[in-house]
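Input: structures, listed below.
Heads up, the next two complexes both have subunit A, just with different partners, subunit B and then subunit C.
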Partner chain A sequence: MQIKMNGKRVKVKKGETILDIAKRNGINIPTLCYHPDLKPEGRCRICLVEVNGKLVTSCNTKVEEKMEIFTNTKRVLEARRLNMELILSNITYTRKDFELIKLAKELGIRKIRFKKHVDNSKGRGPIEIDNHRCILCGRCVQVCQNIQGINNIDFVNRGIFTEVTTPFNIPIKDSPCTFCGQCALYCPENAVRERAFSEKLIKYVEDMNLIKNRNKVVIVQTAPAVRASLGEMFGAEPRTLVTGKMVAALRKIGFDKVFDTNFGADMTIMEEANEFVKSIEKNKNLPLITSCCPSWIRFAEETYPFLLKNISTCKSPQQMFGAIAKTYYAKKIGVKPEDLIVVSIVPCIAKKFEAEKPEMKSAGCNDVDIVLTTREIGRMIERKKINFSKLGDGEFDEPLGIPSGGGAIFGATGGVTESVLRVIYEIFTGKKLKKVNFKQVRGFEGIRDTEIEMGNKNIKIAIAHGLGNIRKLIESGEWKRYHFIEMMACPGGCIGGGGQPRPTTWEIRKKRIAALYEQDKKMKIRVASHSPAIKETYKEFLGKPLGKKSEKLLHTKYEKRKPKYF
Partner chain B sequence: MQILRKSGWAGFEKTLRMNRKEVIKKVKESGLNGRGGCNFPTGLKWELMGKGVRYLICNANEGEPGTLKDKFIMEKNPSLLIEGIAIASYATGIHKTFIYLRGEYSYLKPKLERVIKQSEEYLKKINLKININLGAGSYLCGEETAIMESIEGKRPVVRQKPPYPPEVGLYGKSTCVNNVETLANVPLIFLGGWNNKLELYSLSGDLKKPGVYEVEGGIKLKQIVSLTKPKTEPKIIYFGASGGCLPYKKFENLSMGYKSISEQGCMLNGRGLIICGKNRDIVELSKIFTEFFLHENCGYCTPCREGNFRVWELLKKIGCRKGRKSDLNLLQKLAYHISDTSYCGLGTSSTNHLKCALKYFKGEFLKLCK
Partner chain C sequence: MKKLNLLILKYKKEEFNLLSLLEETVKVKGFLSFETLNYISKNLKIPLAKLYGMASFYSFLPTAKTGKYVIRVCNSPSCYLNGSQEVLETLKKVGIGVGKTTKNGKFTLELTSCIGCCDSPPAMMINNKVYKNLDKTKIRNIIKGLK
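Let's look at the complex of A and B:
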């Protein structure tokens, strides 16, 4: 089929949108509410083009025979500009809203002729929705409904009073929200965002002297997925790992010690692998389902309480690290647990909720005090005026900073499974693992399954990422067939978590995952049980996996929860 | 009046003796067009229906200001409507029909249910079930795809077209949506002696005798207005809220019809005429109609949501004699912009009244500007 675009003849296929064709032919059409992962809805009306004398949105109009398309006539440009003006007239925006400001510049807006009128903002729970900034593009609603399948937010009211909110406008923390934060990740305006953990504490962190005057020690742990994405906030390509620069920047901010959550991840693997071996031997509570994702845990507690007995009792890496730091490490350096402030930097919003859970108190106070997302730490580095791209490479502190490759790939979907497989291989077969890579479990499909032979056992494994896929897996009843299931609430695993830099698309996710696997490849130690730091911790402090002490510090319980208002 | 003829299911019995294709052919030959506003040939619509499970929706969400013909039919002759639904269902092979009744007409629900119960023996013959769904007062639900969203229990938002309802409609199935007046006319075709040209007009405004009138299409505007005995000399004729407006004096001799009205940049939606007398202020009227759209737009797309609000702001400013000429220019720009770039039919027609007002009565706007 042939159409005319800006006077030129262009070959097209049926079913393509005008935007696809323009992109392929190097014609720039500005977009705002369009996102490559989502179904185009045509709400913002920025991507207008003229087709046979009519203005249509290019993102959701499919090409037809005899179309004559113009992408930059005066009429089109004026209409785009006026729509942008109408959008901007009604929201609060700052210099940080890159997407919006860039677009406004591109469209040539100098003056806005209308005054603001919206005056309603609500901040509640780990996620907050700020209607001052909302442009009603509908990305968050679509992600919550179509990709994650939670249906917790939607539009209410109509006309100029339309806003995005929870059912019956109840506070987010009482709603069925799982805090996966995908809505925040897809928001172009920072209108849906993570709640700053505690304004006061963050100010303390920013001004380290304040804390040090009070004889406090501040340590920080960084999650595996952060190093693969933090660089993006400072203009790096999505595939670059910025481990060294990140450590150096954190030291510059003023943290006393910089540790690696991969250590916590290694510990999680040890505990989980041993738990799995135990349940396989007893043939009880199979399949074992992973518990690293707090969003998935909340989802299970609210929606599928019958699965709770199958979920591994291990805490998430962040909480394991916190527990070890507040007990083992605090004792080691001679500080009271209350005076040791554990900050964690994660790609996740649900971790904020997890850290505040009442059962996460192994030393009398919260195991993790402050949780910051990748975006937040990026902003903090910016505010401190640290020139990130010119920083040298720093090194993690010992002893909680020397991880194995198994911990490093935790951030990718399938990573937990692979790390666990590496450990249990040696337990089941008694041989040393030669082929470390389990390529069967890698990939990007929403639900994957595979079978792996180990000794005389045939282990059936399933991996699901994205809450929508998890729901599919559970409700089809397929989950009963497996021995081990990895569940991650965010598409792509933690690498696509709710606290990651914007924009995040599938392309970027794939690049970040590739970076993590590269990092794993370079590691000397790739099996968690071989890590000297882990061996030492077990020898000095915990005893053995699933022992009395680790049972107390590293494991937790789940209970059936009902959203408050339902 | 023709529409008040009692058929007593004679038309339906006649269709049962024909096969489906013959029924559709007869409707096509009769020249019955959709009376809801789009003027689409009814027979053709039925012919386009797909296979498998299909649904019929009777659109009784009559929300256009100044239109009350559907209410009139459902009040005075509901059995004719039910019979029309039965014939349409028979012709298209449908076994489930939804009547989407406007929320404000909820008092008609028991009456319609009674009629459905009384005609059960006929409905059983073609295994037809009729459901009555009450709307919740949304004007947008008069649009065919918004009705589907509403029946499915979702937030009423117009769906992207294509695919059109005969391909993918209610619950993803092939669906036919017909107006009340269209369906009520169907049995009359088979009864014989049906006059295609007779249409219902709803007239309201500054009149001594407002109401529903049955007249032949193509009648002069002057003639139809004189039937209603205006209180004062008419100045502006509004074709509902979304249809636009015309100055009465200039278009006295305009013949009423879809084609002739749309040539003037207006739309004959639902054939509701609001006649405003000579002492009405055009700026005030424009503001009132904008307020209507401000209340009824769904908030989906930017131009309609934000634009109509800005139009209302500007009209308020001009109405208070605080506006400048630049404001008037902006108003004109916005009026065309909204109808150019909006997502659905509501948005694109929401400034029709203003466009016409600025075309024919710009002097009055200018008088109020500094």
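Let's look at the complex of A and C:
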């Protein structure tokens, strides 16, 4: 089929949209509500083009025979600009690095002629929706409904009173929301965002002197997925790892010690692998389901309480690290647990909720005091006027900063499974592991499964990421067939988490995952149980995996919970 | 509850029609409370957010308890230009505010989109009865008649 675009003849296939064709031919059409991961809805009306004398949205109009398309006539440009002005009239405050303002500049808008109508802002829970900034593009609603399948938010009311909110305006923390934060990740305007963990505490972190005067020690842990994405906030390509620069920047902000959550991840692997071996030997509570993802845990506690006995009792790496820091490390450096402030930097919004759980207090106070997302720390570095791209490479502190490659790949979907496999291989077969890479468990499909032979055992594994896929796996009853299941609430695993830099698309997720595997490849120690830091911690402090002390510090319990209103 | 169950059964069997289900539920229950919508959502497996989104879109599907008489004043252009704001002011003087229910539980006042009386504006509806060509004295008389 042939159509005309801006006067040129272009070959097209049936079913393609006008936007697809323009992209292929190097013609730029500005878009706002369109996102490559989502179904185009034509809501923002920025991508207008003229087809045979009519204005249509190019993102969801399919090509037809004899179409004559113009993408930049005067009429088109004026219409786009008018629509942009109307959208801008809805918001009160914005920052120039958000998608919306970049686009407005591109369209040449300097002044907004229209007055604001909506004025109702509500903040609540780890996630807040700010209607001062919302432009009703509908990405968050689509993610919540189609990708995650939680269906917690939708458009409410009509006309100029339309807003995105929960049914009956219930506070988000009392709703069935799992705090996966995908809505915030897809928002082009930071209208849906993480709640600052506690503004007072963040001020403490920013102004380190305040804490030093009070004889407090502030340590920070950085999650495996942050180093693969933080650079994007400072203009780096998605595949660059910024481990060294990140450590240097954190030191410049003023943290006393910079540690690696990968150490916590290694510990999680040790505990989880041993738990798995135990349940295989006793043939009890199989399949074992991973527990690293707090959003998945909240989802299970609320929706699938019958699965709770199958979920590994291990805490997540963040909480394990916090518990070890407040007990073992605080003792080692001679500081009271209350005076040791543990900050963690994570790609996740649900971790904020997890750190506040009442059962996460192994030393009498919160194991993790402050949780910041990748975006928050990025903004903090910016505010401190640190020139991130020109920083030298810093190194993690010892002893909680020397990880194995197993911990490094935790941020990718399938990563937890692979690390656990590396450890249990040696337990089951008694031989040293030669082929470290279990490529069978890598990949991007929403639900994958595989079988792996180890010694005389045949282990069936399933991996699901994205809450929608998790629901599919559980409700089909398929989950009973497996021995080990990895569940991650965000598509792509933690590297696609709700606190990651925007924009995040599947392309970018794949690049971040590739970066993590490259990092693993370069590591000397690839198996968690070979790590000297882990060996030392067990020798000096914990005893053995699943021992009395680790049972107390590193494991937790789950209970059936009901959202307050349901 | 019995009536609601019957309704749900009916709509489970029928070709699904959400709007008329909600309309009939309002007839049975008076308004769409959280409990009612949650019950429907669980039984028909429709997300609550979707039901609430729909209910809040239509002014004839109330989501909070209403008074005995629901006054709906048309706020579309032809009524607006012909004095719907004055109607609201008069009602306010009688003690009925927009979006509120009077303390004695008798009146609820809401704005609505066009009710098809553009030929004789301004217009309002009280429950299912339409009143046209309103002015101050007319409104006072109507409200007095209902008290």
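Assume the second predicted complex is superposed on the first by the 564 of 566 C-alpha atoms of A that agree within 3 Å, B and C clash if a C-alpha of one lies under 4 Å from a C-alpha of the other, contacts with A are read in each partner's own complex, and residues count from 1 in each chain.
Simple rule for what comes next: a residue touches a chain if its C-beta (ideal position, glycine included) is under 8 Å from a C-beta of that chain, and two chains touch if they have at least 3 such contacts.
Just so it is clear, the model here is predicted, and its values are computed rather than measured.
J.: Counting only touches as set out at the top, which of subunit B and subunit C does A:D154 meet: first, second, both, neither?
T.: both
J.: Looking at A:L136 after the superposition, I want to know if it touches subunit B, subunit C, both of them or none. Which is it: first, second, both, neither?
T.: first
J.: Looking at subunit A, which partner touches more of its residues: subunit C or subunit B?
T.: More residues of subunit A are touched by B.
J.: Give one of first, second, both or neither to describe whether A:P167 is in contact with subunit B, with subunit C, with both, or with none.
T.: It touches subunit C, and subunit B stays clear.
J.: With the two complexes superposed on chain A, say which partner A:N90 touches: subunit B (first), subunit C (second), both, or neither.
T.: first
J.: Just checking: does A:E551 make contact with subunit B only, subunit C only, both, or neither of them? Give me first, second, both or neither.
T.: So A:E551 meets neither subunit B nor subunit C here.
J.: Given the touch rule stated above, what does A:R43 touch, subunit B (first), subunit C (second), both, or neither?
T.: After superposing on A, A:R43 lies in contact with subunit B but is clear of subunit C.
J.: Using the superposition on chain A described above, determine whether A:L82 touches subunit B (first), subunit C (second), both, or neither.
T.: First partner only.
J.: For subunit A, which residues lie in the overlap of the subunit B contacts and the subunit C contacts?
T.: 154-155, 157-158
J.: In their complex, what parts of subunit A are in touch with subunit C?
T.: 145, 151-158, 166-168, 565-566
J.: In their shared complex, at which residues does subunit C touch subunit A?
T.: 34, 37-38, 47-53, 56-58, 63
J.: Quick one: which bits of subunit B touch subunit A in the complex? Just the residue numbers, please.
T.: Against subunit A, the touching part of subunit B is residues 138, 155, 160, 162, 294-303, 305-310, 313, 330, 333-334, 337, 340-343.
J.: Using the touch definition up top, name the residues of subunit A that touch subunit B in the complex.
T.: So the residues of subunit A touching subunit B come out as 41-46, 48, 55, 57, 60, 62, 75, 78-79, 82-83, 86-87, 89-90, 113-114, 117, 135-136, 154-155, 157-162.
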